[in-house]
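Note that the chains are named A, B and C in the order they appear, and that numbering of residues resets to 1 at the start of each chain.
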Amino acid sequence: MKSIAFGQYYPSNSIMHRLDPRMKIIMGILYIVTCFLCKNVITFGILMISALLLIIISKIPVKIVIRSIRAIIFIMIFTAVLNIFWTKGEDYELLLSWRFINIYSSGLYNAAFIVIRIVSMIIGTGIFLTYTTTPIQLTDGLEQLLSPLKVLKVPVHEFAMMMTIALRFIPTIIEETEKIMAAQKARGADFSNGSLVKRAKALIPVLIPLFISSFRRAGELATAMTCRCYRGGKGRTRLNVLRFSFKDFVALFLVIAFGTGIVLLNIYAPGYTM
Amino acid sequence: MSKLTVENVSFVYSAGTPFEVKALDGVSVNIESNRITGIIGHTGSGKSTLVQMFNGLIRPTEGKILLDGEDIWADAKKISAVRYRVGLVMQYPEYQLFEETVEADIAYGPKNMGLDDAEIAKRVLESAEFVGLGVENLKKSPFDLSGGQKRRAAIAGIMAMRPEVLVLDEPSAGLDPAGKKSIFEGIQKYAEATGAAVIIVSHSMDDMAKYCEDIIVMSHSKVAMMGKRNEIFSRGDELEAIGLGVPQMTYLVRLLAQKGIDLPQDIFTVDDAEAAIIELFGGAK
Amino acid sequence: MSYIKIRNLKYSYKDDNDEPIPVLRGVSLDIEKGEYVAILGHNGSGKSTLAKLLNLVIEDYDFFEGSIEVDGVDITSDDMTEDDIYELRKKIGMVFQNPDNQLVATIVEEDVAFGPENLGVPREEIRQRVDYALKTVGMTEFAHHEPHRLSGGQKQRIAIAGVIAMKPDCMIFDESTAMLDPMGRKDVVETIEKLNKEEGKTVITITHYMDEAVRADRVIVINDGKIILDGAPSKIFAQAEILRSAGLDLPQCADLLLRLREKGIKLEGEINTPEQCAQTIAQALNR
């Protein structure tokens, strides 16, 4: 149960895990943009290969990646089917015609493209962000990336602190929820039987103590933070400051080169274009 | 026949994952009615898992739990009936209070049992009396009570189900001496009035010495020792090997023995020590 | 001059009907630099309020009288600026009861760094302070662990390290052992004593474990918002009647020897720990 809080992070020592989180956020965004730039058979082919390469480089088991793709399989099938039936391509070969249904070869291409695009985007965000970067690294990365916004009075530090505290307390609160549920079960509470209304009602004896204790925790934490001289982001220094290293720039260069290559191939490569 | 029998029970957390932990390993114990049994052991010795098995909150991966000789998991649908018969007070039970009044909170268990209003009202009063919670507190919000009173209200909520077996996990943790005393008095009252089998889990050897007749010592997911209080505490070396130590007065007797002063071996409380030492000085002057 | 000087301190809070509920009813107290003081009292006796006032972390100061001086600064004066309060909290560090509710970060060493980060300490020095603090509490090997996977005693030692890293003169432990198992308690008590004996910190520990109070140099008993006893442990624990009336117990050994004395057995010497107690009884028998 405790592992839920740490999302999908998969510990390993791949090069991807060791890149600077800020760079990974930037690269993740660039990669997603690149997914949308792909237009023809060759670029989509390359995109597919790049996604596979990402999995290999990051040493994330394929099983885990497939699991996250499976979660949205219905959306994928749905969009693919829509594309197959609704793409009107007079210039292209008519593969099948039955009553009002006309399937063109272009429809098949488009469906395949959409699927590759969605799968690559999921793999891209997973590999650059969630699988290889702990939530706390992501938070630090976001805080430092967005810190120029402080000039515009955007409370970047406060948001990051909120995230950190949430990440710190989620496992504690999950554990507490389990304890309270067990305690109420010992008094005859039944969370798994009966109508929806009945089950929702059964949760009241869990939610009320949970709220009360969360408020108490919040109060105590605030006092403890005050005692430790916390007064917002002003004048704060940090123990761990993120620093770009050579490999971060190499990685960024590769992603940019990949994106540029895709754009060029869109223009010059032959074959079906979306 | 014992009231509650644990037969060769094992339990594994997160089976089949790298985080697999064996919390209980072939544990067998017998719990009798009309007695207070203490369970002692370090954090992680398996004692909390064991007590949650007594009332079916955790199902053993191996072995059986028998209540009056019947397997409590024979029909998994009837497990809630077992929870009324084996009342479990978890650690820091005051965090489970949720009703608007103390009265309503104590009545939550009996209500789930489907008892009629007259019976519920009777039991609420009775339980409040067991734990020494004055009637004037029953209409208050549980959140307006003091820390010790909240704890007692929560314990009353379990007593109101009138369990045949009452299990309490660290009932006095974090309370001041006065609060602690009133909790144990309440437990003793319940035990005397109902003849229930009472099980107290505690870290404190001194509390065990004072309140428990039988003692079960848990260590590394197994039962390390089990027997009458006197017998267990006379095996001080074994207890120390487990890292638990003996009651302070028993320790004092051992220190005196090193100085060549021999006292009887069955000294566990201040009362025991006082009597024995007066004897040593040739009786009270 | 005393490090902490409290004069006739009175404090009340408001209940739901805006009625004042007195918590402290005139407390006067001097604590010297380097002292190891235990404050005893039952729940609601006012001992925690006293501790929180020393760090000015109580929000409602409406019903407040008397004065508190820390290191020569009157912290109750109206001239205290936000920066002055900040300076005060640098001098007096606090560790609370529930270890879960005082750790902020998801990695141990980052939590220890939280205080120094707030103080704007340069990065290299934060590193030194964090390493030193973790070493002092014996948790160096856990620097990269997640706090929620540690035991209660370990979490509490991390909380202590977080305060040590701020380099305070004085540390207050507000029932910091109440929620721990015996092993965790032992580790924390040993850490507290080490801070006093080896690091020279002034230590104020609030507890209701008598066997912890016995180990301090000085015990103060608070009941109903007033100091009723103040002195060396052996003196305090000879006052059975007063302690019991304050809802407190005696350590078992002290209790035993007092009872024996009441029965007319002559016992002289220290009475607090089992070792002292055995020595005292042995002496009496040999005579």
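Rule of thumb we're sticking to: contacts are C-beta pairs under 8 Å (C-beta built on N, C-alpha and C of every residue); 3 or more make two chains touch, one makes a residue touch a chain.
If you're wondering where the values come from, they're calculated on a predicted model, not measured in any experiment.
S.K.: Please name the chain that ends up farthest from subunit B once chain centres are defined by their CA atoms averaged.
M.R.: Most distant chain from subunit B: A.
S.K.: With contacts counted as defined, which of the two, A-B or B-C, has more C-beta pairs across the interface?
M.R.: The greater number of contacts lies at B-C.
S.K.: Please tell me the distance, in whole Å, between the geometric centres of subunit A and subunit C computed from their C-alpha atoms.
M.R.: About 46 Å, centre to centre.
S.K.: State, to the nearest whole Å, the distance from the C-alpha centre of subunit A to the C-alpha centre of subunit B.
M.R.: 47
S.K.: Averaging over Cα atoms per chain, report the distance between subunit B and subunit C in Å.
M.R.: 30
S.K.: What residues in subunit A touch two or more of the other chains?
M.R.: As it turns out, subunit A has no residue touching two or more other chains.
S.K.: Would you tell me which residues of subunit C are touching subunit A in their complex?
M.R.: Touch list, subunit C to subunit A: 52, 55, 57, 82, 86, 89-90, 93-94, 96, 98, 100-107, 109-110, 113-123, 126-127, 130, 146-149, 159, 162-163, 166.
S.K.: Considering the complex alone, what residue numbers of subunit A touch subunit B?
M.R.: Counting only subunit A, the residues touching subunit B are 176, 179-180, 182-190, 204-205, 208-209, 212-213.
S.K.: Which bits of subunit B are touching subunit C when the two form their complex?
M.R.: By the definition above, subunit B touches subunit C via 42-43, 146-148, 173-179, 203-204, 206, 243, 248-249, 251-252, 255-256, 258-259, 261, 270, 273-274, 277-278, 280-281, 284-285.
S.K.: For the complex, which residues does subunit A have touching subunit C?
M.R.: Subunit A residues touching subunit C: 2, 135-136, 164-165, 167-168, 171-172, 175, 216-217, 220-221, 223-231, 235-241.
S.K.: Can you name the residues of subunit B that touch subunit A in the complex?
M.R.: Those residues of subunit B that touch subunit A are 52, 55, 57, 80, 83-84, 87-91, 93, 95-98, 108-109, 112-113, 143, 157-158, 161.
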